[in-house]
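What follows is a pair of complexes built around chain A, which joins chain B in one and chain C in the other.
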Partner chain A sequence: MLKSIDRPTLIASSFIVIILLAGTVYTVITQGNATFIEPAYLLQQLKIAAFLGIVAAGMMMVILLGHIDLSVAWTIAASAMLATAVGGAWAIPVGLGVGLAVGLVNGIGVAFLRVPAMIFTLGVNAVLRGLMVMLTGGFAPQADATKFMIWLATGRPLGIANSVLVWAVISAALVFMLTRTPFGRYIYAVGNREAATYLSGINTRLVLIGSFVICSMCAALAGLLIAGYSSKAFQAMGDAYLLPAIAAVVVGGTNILGGQGRYSGTIVGTILIVLLQSVLSVAQMPEAGRQVIYGLVIIVMLLVYGRGSVVRA
Partner chain B sequence: MHSLTQAPFLSLAGISKRYGGVRALANVDFACQRGSIHAVLGENGAGKSTLIKIISGVVQPDEGTITLDGHAVTFPNPQAANAAGIVCIFQELSLMPDLSVADNIGITSPPRRFGLIDRRAQRRRAEELLARVGCEDINPLMRVRQLPLSRRQMVEIAKALGRNPKLLVLDEATSALTAADVDKVYAILHGLRDAGLSLLYISHRMHEIDALADTCSVFRNGQHIDTFAKGARTEEQIVQMMIGREWRNVYPPKPVRNERPAPALELRDIGWEDRLSGISLTVGRGEIVGLGGLDGQGQRELLLALFGVLRGVSGEIRINGERRRISSPAEAKHEAVGMALIPEDRKTEGLMLPMSVRDNISIAALGSMTHGIVVDRARESARIEEIAAKLKIKFGNIGDAVATLSGGNQQKVVIAKWLLTGARIVLLNDPTRGIDVGTKQEIYQLLRDLADSGTAILFYSTDYDELIGCCDRVLILYDGRIVRELEGADITEANIVASSLNLSLDAAKAPHA
Partner chain C sequence: MNNLRLRFSQNTGLWLGVALFVALYVFYSTLHPKGWSVDLLVQNSNESFALIMVSMAQTVPVITGGIDLSVGPMMTMVNCLASVLVSGSPLAIVLGILACLAAGALAGFVNGCIVVFGRIQPIIVTLATGAIYIGISLFLRPSPGGKIDDNLSWVATNALAEMDSTFHWFAGGAPTWFSHGPGRLPVPIVLIVLIVLLVWIPFRNTVTGRGCYAVGSAEGAAYMSGLRIGRSKIAAYTIGGLFAAFGGVYLALQTGSGNADIPQAGAYTLNSIAAVVVGGTSLFGGNGGAVGSVFGALVLRAISFCFRVVDSNGPFGFLGNPLLQPIFEGVILLLAVSLGAARVFRVKNRLSLFT
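And now, the complex of A and B:
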C-alpha cells in the first residue's frame, strides 16, 4: 500500500505537520494558546485554500503537458469583474465564459501557432489586464457580487464552506479524468513526448487546447468564488494566486517539465502553501522575511524531490 | 602480430554490476590489447553497454578491478576516463544540434586565446579532423541540425579523434552510416589500429565485424562467454553463442504467388516539395514491399507523407480502392484507413520513455478500449497481456518505465502498440536499427505472419540483407523517385546496389559475366 502514496505527497504532508508543530510551539510560548491545531482555524484555512486549490488544479493540467499558464492572474480578475458587472443569473455563465474564451485563445496559440506557452500566456495576461483597465477606467469596480456568488463562496449548508465543496467536486472530476479517461492518459503522454504521442495517431492539439481550457475555466471559477468571498471584484485580485498556484503544483511533486505528477500532490501542495503563508503571518514575521522563507521552502522541497527518481529521457 | 599473451592495455578482473534486482554484469574478466580492434558481441541486454559504461567511467562497478597499462585505476566519472585516454562514441549521438560542427568538435577543450575561445583555431582544428575522417565536404560552420544522421555520425567520430584517444570505444557507432561512409570509417579505424590504439567495437552487423575485428568477445546475460581471434569460429557458432539457442534460418520463407494480390494501398503520382516526385506504387494484401536505395533518397519522407505527417503532399492515395485524404496520423490510424507507422527513432518518436510499458502499449488503441468515456481497465490489461505474450516482450513489471527495457524489447513495445489498433497497412521505417539478432529474427517472423494474415507491409530498411530476405518486392528510390522495382529472384545485393546508384542492371551484372 505504501507504493500507492507517492514520495512528494508524503514529504509535503510531513512538512505540513512540521509547519503546524513549529507554529504551535511559537504560539504556546508567546501567546499561551495552540491556535494552529484548533479545528476552527484549520477549517478557516481550508476555506482559503479552496481558491488557491482550484487555480492550482487547473494549472496542474497545463504543467503536466510541460507548458504553463501565466494568464491565470488576470483570468481570475476578468472573470470576477465581468460577472459582477453583468450580475443576476448571467453572472456565473459570463464568468465561466471568460475562462472558456481565454483557454481557447491560449490553447490555439500554443497548439496551432506554436508560440511557447510562457510567452503566449504572458501576453494574454497583459491583454486581459489592459481590457479590464479600459472597462473599469482603472478604478475599483462598483458592482457587488451576486447573492449566489456569495453563497457559493461562503454559504455552509452542509457544515463546510461551499467553496471547499466546489474544490472537492473539481478535484474528484480531475482525478477521474486523469486516471480513468483516455484524455487523462493523453495529457501525461503529451507531457512525456509530444512527438511520440502525435505519431501514435492522437490529436495532440485537442489535448493541448482541452487542457488550457480546463486551466482557464478553473481560474475563472476561482475568480467567481473570490469575488463572492470578498463580495466584490477588485483590480489585480488574481495576482496573489499565480506564483502560489505554480508552487503548489510543483511542491506537490508534478514535474515542471511535464509528464509526471499525481493530483493528490497538488492538494497537499496547496494546503502546504496556504498554511505556510498563514503561520508566517501569525508569527508576525516581517513581509521581507516571509518572502525569504516562502521562497526557500519551495526551493528546498524541490531539491529534496530531485534526489529521488531520475528518469532517463 | 598481437598475441593474447602480451600484456593487455586494459584489463578488467571480476567486474560485477547490478541495477536494482537486475544483474547487468557478473564476475567478468576482460582484456583488450594495443594495436587491435576488439569486437564485443551480444544481444541487447547481454551487458555490453554496461561494460562500456564501466570502462568509460559513466557507472562504477560493484566489485572488481580495472587495470590500465599495468596500473590499477578507478574512474569515478567520465572525465577521469577521458583523461586516461579512453574516448567513447555512443550509439545515441551526443552532438548539440544547434551548435556548429566546429563548436561540437571542440566542445570539451576548445582552443583558447587570452582565455576566450579562439574561433579561428577551433575551425581549423575541425577542418583537420573532418579531413581525417574523409569528410572535407562538411562545412564546420554549419549547424549540426542541418546535417543528415549519417553525416552527424561522421562528425561524432571526428570529435572523438580530436580528444587523442588511446582506447577508442565505438558503441553501434556505424549504425546510421551510409555504405560509402562505412568504407571510410573502416579505413580510419584500421589506420588507428596500426598506430597502436586499442579499439573496442560494438555492432550488431555481423559482416562489419568480419571486415573489421581482430579479436571477438561474446557476452550473454551479463557473462563473458568466450574470446577468440577472428576466423576461429564460424558465423553460426558465434550467433549460437550470442543467443544461447539453436540458430535457424533468419528469414522466414516467402510465399509463392502466381498473381498479384488485391491492392490494399495504392499511390499515384505522390510528390512533396523537392524531396518526392511522381511516386506511384501499390502494396497488396499480404505483401511485404521493401523500400531501398541509398540513405536519404526520400524513403523516410514517403512514409511520413503517407502517414499524414507532412504538409502539402500532392497526388492520390487509395486505400482498398477508395481515395482517401490523410492529413494527420490520427486520420491514418482511423478505422477507414487502418494504417500504422513504426517510426525511425523509437526513443523520441515511438515511445514515451518515462511512462510504463502498459501505458505505451495501449496509447494508440486507447480510444477503442473504453466503456463510455472511461478506459475499460480489465479489457485494456487483457489485450496488453495477450499482445505482450504474443511478441514475447520481456519486462520485469508491466508498470515499469519503458526506458528500463532493452532496445529490442522497446521496439517490440512500439510494434505491439500498433498491432493493438488492428492496423491493416503497416509502414516500417528502419525498424531493426540497433537491435540484436535474436529480436531481429523475431521481427522478421512477425512481419511475415502479419502479411500471411492479410496485412499490407511497406518496409524501409538501410540493411540490404533484410530487404533481400524479407520482401516480396523491393522498390529502389533515387532522388525522390522510384527508379526500379525488383521482384522474386531479381532481389539480389548486386541489383539493389546498382539500382541505388541509378545504374542499369547490366552494369551490375557486367563484372560477373
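And now, the complex of A and C:
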C-alpha cells in the first residue's frame, strides 16, 4: 500500500495532519473547542478547496508538459462574467466555451508559434482583461449567477457540496486520462523530451493544444463555480487563484520542468494550501505573518522532496 | 565594419525595441500639446523609472536561464522600508537609502542562495520568497503612509536644474551653460544612465557577469569550463534585488509614501517579464542585456502614453476610449512577444524547434 503512495504525497499529507493538530491545540487552549477536526469545518474547507483544486488540476496538465499557464486568472473571470451576462440555459455552455477558446489560442501560440508559454499566456491574460474591461466598463457586472450555477456550487443534495462532487468527477476523469489513455502517456512523454516524442511519431502539437484546452476549461469551470458560490462575477476574481494553483501543483510533487508528477499529489497540495490559509486566519494571524508562513512552507516542502540534481557536465 | 555588423546582428532584439520606442515616442510627443518640452519629459520619465528598474532586475536572472517572480514584491518591500527610513537629517537620509539598497540586494541574495544551494527551480523559489517579501512589506506598512524627505522627493522627480535651486550648488545662481544645458535633463534619466554605467556594465564585464551568460547558454558546459556557476547565479539574483531596490526607493520618493500594494507588485512582476522579452532577451537565457530591458520597459510605457494623445473626435477617436485601452495594450503586448515566432517559419527541420 505504501509503495503506491509517492513520497511528496506522503510528506504533504503528514503536514496536513500536523497543521490540523497544531490548530486544534491552539483552539483548545484559547477557545476551549476543537473546531479544526469537526466534520462540519472540514467539509466547509473541502468546498472552498474545490475551486482551487479544479484550477490546479488543469494547471497540472500544462506543468506536466514543462509549460505554464498564466492566463487562468482572467480565464476564470471571463468565463464567470460572460456566463452571468448571458444567463439562462446558455450560461454554462458559454462559460466553458470561453475556456475552450482561450485554451485553443494558448495551445496554438505555444505549439505552432513556439512562443514560451510563460510570456504568451501572459499576453493572452492581458487581452482577456482588456476584453472584460471593454464589456463591463471596468465594474462588476450587474447580472447575477443563474440558479443552476448557484446550485452547482453550493447545493448539497447528497450531503456533500456539489462543488466537491464536481472536483471529484474532474479528478477521476483526469486520473483515468493520465494513467489509462495514450493521451496521458503523451503528456508525460512530451514533458520528458519533446523531440523524442515527436520522433516516435506522435503529433506533439496536438498534445500541447489538448493540454492547454483542458487547463483553460478547468479554469472556466472553476470560474462558473466561484460565480455561483458568491452569486456574482466580479473584476479580478481569478487573481487569487493563479499563484496558489501553481504552488499546489508543485507542493504536490509535480516537477515544474515537466514529465513527472502524480495527480494525487495535486489534490493533497491543494488541501494543504487551503487548510494552511484557513487555520492561520482562524488563529488570527495577521496578513503579514500569513504571507511569510505561506512562502516558508512552500520552500521547506520543496527542500525536503523537490530538489533538482547537481549540474556536473 | 564586420565587427559592427556582427554586433548589430547579435542585438537585433535590442535595436527593434529601440526603434519601436523611438517611433512611439516621436508620435506621442508630436501630438501632445506640450510635446518636446522638459516638463513632459520629466513627467514621462518619472512614470517609467520604477518599471525600468524592475525590468532590469528581471533581466539578470533571465539571462542565467532562470526567472524572478519576486521583483515586484522586492520593490514593494524596499518601498515600504524607505517610507520608514528615508527622512530626518541628511546623514540619516543617506544611511536610510543605503540600508534600503542593501535590503533589496539581501533579498536577491536570499533568492540566489535558495536557487543554488536548495536546488529548487527559480520560478518556485521566487514565487515563495515573493510571498515572504510581501509579508514583510505588510509588516512594515500595514496601511499606506510614511514619511519621505520632501526636498529629496522634489529633486529626484524633476529636472537637474531643480537640484541646484534646492541645494544651492553654484554661488550666486546657476550659470547659463548649466541651466540651459545639462540642467534641463530629468533626474530619473540621469539616474538610469548612471546605474547602467556604474552597476550594469561593470558587472557584465566581470568573470562572474560573463558567467551568467555562459550559465544561461549551457550550464553543463559552463561548469566544465571551470566557471563558478553557483557564484554567477547568486550574483545574478543579488544584482536583480539591487535594481529592484532602486525602483522601490524611487517609488517612495515619487509617491512620498510606502504602500504594500499586492496587486501593484504582481503587475510590476508581470510587466517586467514582458519588458525583458520586448527588449530582446530570450526567456531561455544566454543572451540579451539590461539595456534592452530599459527600452522594453519604455516601449510598454510609451504604448500607454500614446493612447492619451489621440483626438477623441478624429477618425481614430475610438483609440482614445479609456475602456478600450486595456485591450489594445494587451493585443500589442501579445503581438510584440509573438514577433519571436518569425524563426518558426525560417527553420527547415522541425527538430531544431524543440530546445
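One rule holds in what follows: the second predicted complex is superposed on the first by the 305 of 313 C-alpha atoms of A that agree within 3 Å, B and C clash if a C-alpha of one lies under 4 Å from a C-alpha of the other, contacts with A are read in each partner's own complex, and residues count from 1 in each chain.
Heads up, the rule we're going with is that a contact is a pair of C-beta atoms (placed from the backbone, for glycine too) under 8 Å apart; a residue touches a chain by one contact, two chains touch by 3 or more.
Being a predicted model, the structure only gives us computed values, none of them experimental.
Colleague: Does chain C touch more residues of chain A than chain B does, or is it the other way round?
Modeller: C
Colleague: Please indicate which partner A:199 is in contact with in the superposed arrangement: first for chain B, second for chain C, both, or neither.
Modeller: In the superposition, A:199 contacts both chain B and chain C.
Colleague: Please indicate which partner A:243 is in contact with in the superposed arrangement: first for chain B, second for chain C, both, or neither.
Modeller: It touches chain C, and chain B stays clear.
Colleague: Applying the touch criterion given at the start, work out whether A:134 contacts chain B, chain C, both or neither, answering first, second, both or neither.
Modeller: A:134: touches chain C, not chain B.
Colleague: In the superposed arrangement, does A:260 touch chain B (first), chain C (second), both or neither?
Modeller: first
Colleague: Applying the document's definition of touch, where does A:180 land relative to chain B and chain C: first, second, both, or neither?
Modeller: Touch status of A:180: first partner only.
Colleague: In the superposed arrangement, does A:122 touch chain B (first), chain C (second), both or neither?
Modeller: second
Colleague: Regarding the shared-chain residue A:40, is it in contact with chain B (first), chain C (second), both, or neither?
Modeller: Neither partner.
Colleague: What is the shared patch of chain A, the residues that chain B and chain C both contact?
Modeller: In chain A, residues 195, 198-199, 311-313 are touched by chain B and also by chain C.
Colleague: Can you list the chain A residues touching chain B in their complex?
Modeller: Of all residues in chain A, those touching chain B are 180-183, 185-186, 188-189, 192-193, 195-203, 259-260, 311-313.
Colleague: Can you list the residues on chain A that touch chain C in the complex?
Modeller: Going through chain A, the ones touching chain C are 68, 70, 109, 112-116, 118-120, 122-131, 133-134, 137-138, 194-195, 198-199, 236, 239, 243, 246-247, 250, 256-257, 286-296, 298-299, 302-303, 306-313.
Colleague: Give the list of chain B residues in touch with chain A in this complex.
Modeller: 307, 309, 328-330, 332-334, 341, 343, 348-355, 359, 362-364, 366-367, 370, 373-375, 401, 403, 417, 421
Colleague: How about chain C: which of its residues touch chain A in the complex?
Modeller: 67, 114, 118-121, 123-125, 127-132, 134-139, 142, 219-220, 223-224, 229, 263, 266, 270, 273-274, 277, 283-284, 323-331, 333-334, 337-338, 340-341, 343-344, 350-351, 353-354
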